[in-house]
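Structure first, then comments.
Labels for the chains are A, B, C, D, E and F, by order of writing; each one numbers its residues from 1.
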Amino acid sequence: MFFHKQELQFKAKPAKPDALFARRMQEVLGGQYGEITVAMQYGFQAWNSHEPGKYRDLLFGIGAEEFGHVEMLAIMIAQLLEKAPIEQSEAAAASDPVLGAVLGGMDVQHAIVAGAGARAVDSNGNPWQGSYITASGNLLADFTANANAEMQGRVQVARLYNMTDDHGVRELLSFLLARDTMHQNQWIAAAAELRAEGREDLPVPSNFPLSQEHRDVSYQYINFSDGAAAAEGSWASGPTPDGKGEFSYLDAPGTSAPMPPATQPDERYYGTTPKPNIVEKAAGVVKDKLSTK
Amino acid sequence: MFFHKQELQFKAKPAKPDALFARRMQEVLGGQYGEITVAMQYGFQAWNSHEPGKYRDLLFGIGAEEFGHVEMLAIMIAQLLEKAPIEQSEAAAASDPVLGAVLGGMDVQHAIVAGAGARAVDSNGNPWQGSYITASGNLLADFTANANAEMQGRVQVARLYNMTDDHGVRELLSFLLARDTMHQNQWIAAAAELRAEGREDLPVPSNFPLSQEHRDVSYQYINFSDGAAAAEGSWASGPTPDGKGEFSYLDAPGTSAPMPPATQPDERYYGTTPKPNIVEKAAGVVKDKLSTK
Amino acid sequence: MFFHKQELQFKAKPAKPDALFARRMQEVLGGQYGEITVAMQYGFQAWNSHEPGKYRDLLFGIGAEEFGHVEMLAIMIAQLLEKAPIEQSEAAAASDPVLGAVLGGMDVQHAIVAGAGARAVDSNGNPWQGSYITASGNLLADFTANANAEMQGRVQVARLYNMTDDHGVRELLSFLLARDTMHQNQWIAAAAELRAEGREDLPVPSNFPLSQEHRDVSYQYINFSDGAAAAEGSWASGPTPDGKGEFSYLDAPGTSAPMPPATQPDERYYGTTPKPNIVEKAAGVVKDKLSTK
Amino acid sequence: MFFHKQELQFKAKPAKPDALFARRMQEVLGGQYGEITVAMQYGFQAWNSHEPGKYRDLLFGIGAEEFGHVEMLAIMIAQLLEKAPIEQSEAAAASDPVLGAVLGGMDVQHAIVAGAGARAVDSNGNPWQGSYITASGNLLADFTANANAEMQGRVQVARLYNMTDDHGVRELLSFLLARDTMHQNQWIAAAAELRAEGREDLPVPSNFPLSQEHRDVSYQYINFSDGAAAAEGSWASGPTPDGKGEFSYLDAPGTSAPMPPATQPDERYYGTTPKPNIVEKAAGVVKDKLSTK
Amino acid sequence: MFFHKQELQFKAKPAKPDALFARRMQEVLGGQYGEITVAMQYGFQAWNSHEPGKYRDLLFGIGAEEFGHVEMLAIMIAQLLEKAPIEQSEAAAASDPVLGAVLGGMDVQHAIVAGAGARAVDSNGNPWQGSYITASGNLLADFTANANAEMQGRVQVARLYNMTDDHGVRELLSFLLARDTMHQNQWIAAAAELRAEGREDLPVPSNFPLSQEHRDVSYQYINFSDGAAAAEGSWASGPTPDGKGEFSYLDAPGTSAPMPPATQPDERYYGTTPKPNIVEKAAGVVKDKLSTK
Amino acid sequence: MFFHKQELQFKAKPAKPDALFARRMQEVLGGQYGEITVAMQYGFQAWNSHEPGKYRDLLFGIGAEEFGHVEMLAIMIAQLLEKAPIEQSEAAAASDPVLGAVLGGMDVQHAIVAGAGARAVDSNGNPWQGSYITASGNLLADFTANANAEMQGRVQVARLYNMTDDHGVRELLSFLLARDTMHQNQWIAAAAELRAEGREDLPVPSNFPLSQEHRDVSYQYINFSDGAAAAEGSWASGPTPDGKGEFSYLDAPGTSAPMPPATQPDERYYGTTPKPNIVEKAAGVVKDKLSTK
């Protein structure tokens, strides 16, 4: 169950309206790595988890916080939009360069659809979607997904920080940056703890029997491009992070397999298939046909 | 530039057709974490990278391999579909329970749209989409995204392995499992190398000045649920993975901010706003209206 | 802010696993009118609202309940999937008709992607998306949207009720049916209250000056089909629900306007435009060209 | 069958081109609540209806009108775009602030993809999609959906009206506002008629046996937030709109259920599950691992 | 304007219900190349056209027919669903193999969402979307798009024909096949007429000055794969269909350009960029870090 | 297999940065008819093809070239973005009209998400999706799809050419225009060759028995609009392009079928169905109800 409290975790009040920035802020609300994503991702990971205890408590504990971040951003965006322009035609833009800039850069659906309100979309107006989230049931994989989400999110918030000098907006972004710092550290710590406890390990999933994979290529870097510098990396020689092998470097694939014969499905699929009884017409005839212009 | 060779990196030939499994295999071709995703993701990360050298060479070198994996899976799927049933009505299903099962479990667009061919979709027929990929320009964040993608991908391939006993299919899956093992190790190694070289560090982005974030909450676990076990985790006390702080544990948020006043946009947005001049009608009148049935 | 409690509003435990029904249940979790939709919809309406008080409290109070419904359904689905089959090939389906039926009817991503867990998708695997929700800032319009959402939702839950005889599942559905009954009544009451208080009225938005609309067609039923029975409805004569006019019935549009001249954009858009200097070739020549086969 | 006539229901001719406004107008053509939505929605409701007569005739009669509205808007948009700028680079924008504003605010696909033509998208360029429409087969639910669609649509048209002072555009919007007034009234009348005739009633679906729902919570307002004002609403006490109960108010949920045990799916799904035979490593070891930086 | 007539262009009545086939039929209603696509595509091409006359009349004349085809298919699907099963659990499937097959192969949203009605989706339940249609303003390009749409559509209808032996369904499909035959021929004729009249020509757009393209590669087949047979085609030598050149064949690209230097965006984008002042740590140190397991 | 070479097929270097144009250029990278589409389309057509030889070699040979075009565009876009503005608020726009124009017209996700990098989206930020591609297995249909894609693509590139005067950008566009010229010619030649060889023919699919379609309407133009000029076209009389019939012209449909009876699904779908036992209430009662305001 979730309970709501009509307070915010941190103040969310801009110094002044800014419809341009309101659009940009949508990215960290409803974008691929916005707050809706992490709130829903931690929720589904918790609901799908296979044991109670510290890991599930962690997911529940942080997930609810993230729903509160969704709220803070939505409320901030609504305030940034409070003075969004009403007149939005070319004539209006022509009469006032500043207005013209705002008309260009704002999210027009903020005005037309939401009446100066926030929306569940990203900074280009793409609706948030369920395919942004990850919840596989394997916690080492999922915590790595979480660490990535918090990293991408913090990069975006940092970029937004430089796009405004509104003190109130920056205050909120500073808070979110700090929480992203915490959450990055937390998921990395949790992933390490899973490994240290022997609960999960590399390669993920660690309980799939390695004998069933083609171990001869499990630690080979195979270069399909013509840049040689990748051979200098730690992924090209030396021990592997999973502690189970040694990296090696191949400049190109060592073996290959022939292309299998083309398929011949039932002719009632009406695909183009070879017909032995067709008399191939002379190439000259074909070419004559083509130059019909 | 890309060049194509009409051979496969590894053999991709099923022992027998299996339209049911063909659908399932679409997940690792065109799903969120399928081969199209990693091929495109590594490509965009390379094209957007800000320096030549080992990291970009790595992205190019692996990216091209992944396009070859797309090809192997597409060709395998086409072969699994070679005998996909033509008659697909209820009457057909009723006459043959096995056929009925296949009709239910196959991807009907394999037959209707592709004529027994592979498609750029996942196992539920959702088209692959560009929002599956991540390329932020920050390599530590992106390599973490890559590690996650390879983990999720290997979990899915491992699950598929248990869904079939076709020797040819399992051979290919064994090969892919091994390459995923390599790629997981490789991205983890590359991420560690970025940190060891001082190129990037935690928290990501590490070159954003920490003084501009609210450091007081940068290492606090704040519990928004009522499970207490999260306090036992390594994310609740002790040094943080970024080496810059100490975790602490709060059972609930320590402070909060009042909800800002509701916005009052221009009345021509036609939102519902308070109107001081409206004479509130008596509650009794209101209730009379409601019981109109 | 949101707080989470590790209890459920109502018990959510199936009598037995049922992967077929788990898929169907996704509709009311992640579908167009599922619980994610109403939870997010009420949230955004509250965050975008233009005044504190009973209407916003209502939105907050119900919105948080709906997030709890999301959780109940996700947990129920995970339990229904606990025994989802692992072997999912044609051979498996052929050996066991019951298994065949399950393989056909289950959501394959439940197995491959979520490892027997719930997902943020509908019953056909379409990801939930932000465009499902409505929050215009006009409360009479939005409460009507809410009433519709609760009606569609209850219709779907009622259909699901007849698709299973699992006692535990039916218990939960019975609970949800009752809450949908409440929420339908509630939004209808709230919409009536807005009107009774003179806050909003029909037509929505009621504060747009009616003098600026073409009042001559504001209450005309204009029939663009050839069925005459629509003339018998209460929408074809008599007073209008907004209390401002009388319905009338037109058997066909009374007036019309000529099609405006075709546009002639800049030729550098390379559209096909009339060119006065082109010598039209004789029709015979054209026809000769066409019969090239 | 549909027949087309090369006239418009009302004149659709702008006083002057305006690429900025053309983009905004896309919302009511191809947006969530645009004319494509209502045209298709009424069509599918008619095709799926379960009886001939006045309700189906109504759906057919209005549905065809809406397809004509799609046409009027498309033609208006094409005219607004007739002079859309060709040169669209930074250099062009820099040389002319007015052009700069237009370049920012126009839909670039209007120029690049459609060559100064209308598109089946909303004002942010999101393609129209079939998930915008509702057709459940239950007419009371669907007419409520229709009323909502016409309300949201009229709100958007009213907002657009204030975004332009082009006389020709305003003329068309005035016409659409009036038709939306009619259609709002009409669906509300039709919904009331369904109830008055005893064909459908609240709660929807009214023919689901109420004895099968948990009647004890069918009329309870349960507050999951901490705002107390919702208790003042007509939804918190008094008779319910369905005429079958009395509202009551609960300040918080009265009962709850424990979280069910976590699921334990087959281990070959490779989720993270408890393993009794794992020797938990000491916390100190874990923490050492984490501080690897 | 569009007018509706409550008759069908051709009879649409199945001999018996068939929920399996109803799902498959959705492809040609709401799929990428279904009737909604062509109806909307011809509409937008007409509305965006730049001159009155035979081409626009053609688009209007066929477009309205296609809306009638949408209707025929929707009504057929609703009838195929009339007896769609209500009980859809595993227990139901287990008790009856035929039912099991139907449960697997039907579109579950047909039952849950539409109450045994048609939907605006394809055969996998993906909603129809505006991005399926093409209307560039260039009629030669667009008529080629139309020819393709009718070809793909006829291939799909032909496949569906073999998936059923229901006489009523086959009757309708026979009718649609014939109309697709007409429409294929018609668009090919119209494209040829555009060329014969000198209105448009190859390459499209023909009024772009050829002097501004790199004519040296305008007719070269450049082989980026290692199959040599493409050299045998009429596209590798001889006159070109546009009548303006001669095809030539290159076994590989003749020239190439160096990769441009990597970009160096502002550091406040927090991308990973080379930093000259970083002391590269020894490879040994890096490798030690990696083997943390 | 694919191999990558760190060179470009042609130089891709702008004279100067231009964030506005970078957004526009996304259309031909990640749009419906961008380079990702053709690269993937030719790939899937090859992988699904039913015979080796010149047609498959052609698909492989061109497909790999197109992946290289994806790369050239991505690298060009990254360079155009190299100086994308950091400060993006209203205040920034107000202080500098040129900056204001850029802020409006640029893709904000270029800055926020990609850190001045290219993305797999179109010029409105819609992610590329698998549903853009066509691969039916029927080569005549698919080569027509390819010809259309190259036509639409060349139209878009030509439009982009006029939107910039950057010499470097124009150079690349000139190269792409030439390759599109080649590819248009090539697919038209290949389609003609299929027909000339008797491999495929019109109508597609040509191996579906014509006796099974309603031949009486196979060559009829049936006019569903009121424009008479379509009768003048070559599609209204004379021989048909498939060489199998004669076009005829009907001013309106010659025959029609009655609407089938409305469906009566199981009442547990809760649709609105006629109920003989309902006592219809008097119209007056109904109307009283409606005027509740």
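Simple rule for what comes next: a contact is a pair of C-beta atoms (placed from the backbone, for glycine too) under 8 Å apart; a residue touches a chain by one contact, two chains touch by 3 or more.
Because the structure is a prediction, the values reported are computed rather than measured.
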Chains contacting each of chain D and chain F, listed by label: A, B, C, E
Of A-B and A-E, whichever chain pair has more C-beta contact pairs: A-B
Contact-pair overlap exceeding half with A-D, pair selected from E-F, D-F or A-C: D-F
Centroid spacing, where centroids are CA-atom means, of chain B and chain C in whole angstrom: 25
Rounded Å distance, chain B centre to chain D centre (Cα mean): 27
In chain D, residues with contacts to at least two other chains: 1-9, 32, 48, 52, 55-56, 60-61, 63-64, 68, 75, 78, 86, 97, 100-101, 103-105, 111, 113, 115-117, 121, 124-127, 129, 131, 136-138, 140, 155-156, 158-159, 162, 188-189, 192-193, 195, 202, 205, 208, 224-225, 227, 234, 240-242, 253, 256, 259, 263-265, 268-271, 286, 289-290, 292
Overall pattern in which the protein chains touch one another (line/ring/star/complete/other): complete
Chain D-facing residues of chain A, complex: 1-6, 48-52, 55-56, 86-91, 93-94, 97, 99-101, 103-105, 107-109, 111-113, 115, 121, 124-127, 136-140, 188-189, 192-200, 205, 207-208
Parts of chain E lying in touch with chain F, wherever the complex brings them together: 5-13, 32, 52-58, 60-65, 68, 75, 78-79, 81-84, 86, 111, 115-117, 126, 129, 131-132, 134, 136, 138, 140-141, 144-145, 147-148, 151-152, 154-156, 158, 161, 170, 174-175, 177-182, 184-186, 188-190, 192-193, 202-205, 208, 210, 212-225, 227-235, 240-242, 245, 247, 253, 256-260, 263-266, 268-271
Chain F residues touching chain D - in the complex, by the definition given at the top: 17-21, 23-24, 27, 31-32, 97-98, 100-105, 122-126, 155-156, 159-160, 162-166, 224-227, 252-253, 256, 259, 261-265, 267, 269-275, 278-281, 285-286, 289-290
Of chain C, residues touching chain F in the complex: 155, 158-159, 162, 195, 201-202, 234, 238-243, 268-270, 283, 286-287, 290-293
Residues of chain A touching chain C in the complex: 1-9, 30, 36, 40, 43-44, 47-48, 60-61, 63-64, 67-68, 70-71, 74-75, 78, 113-121, 127-131, 133, 135-138, 289, 292
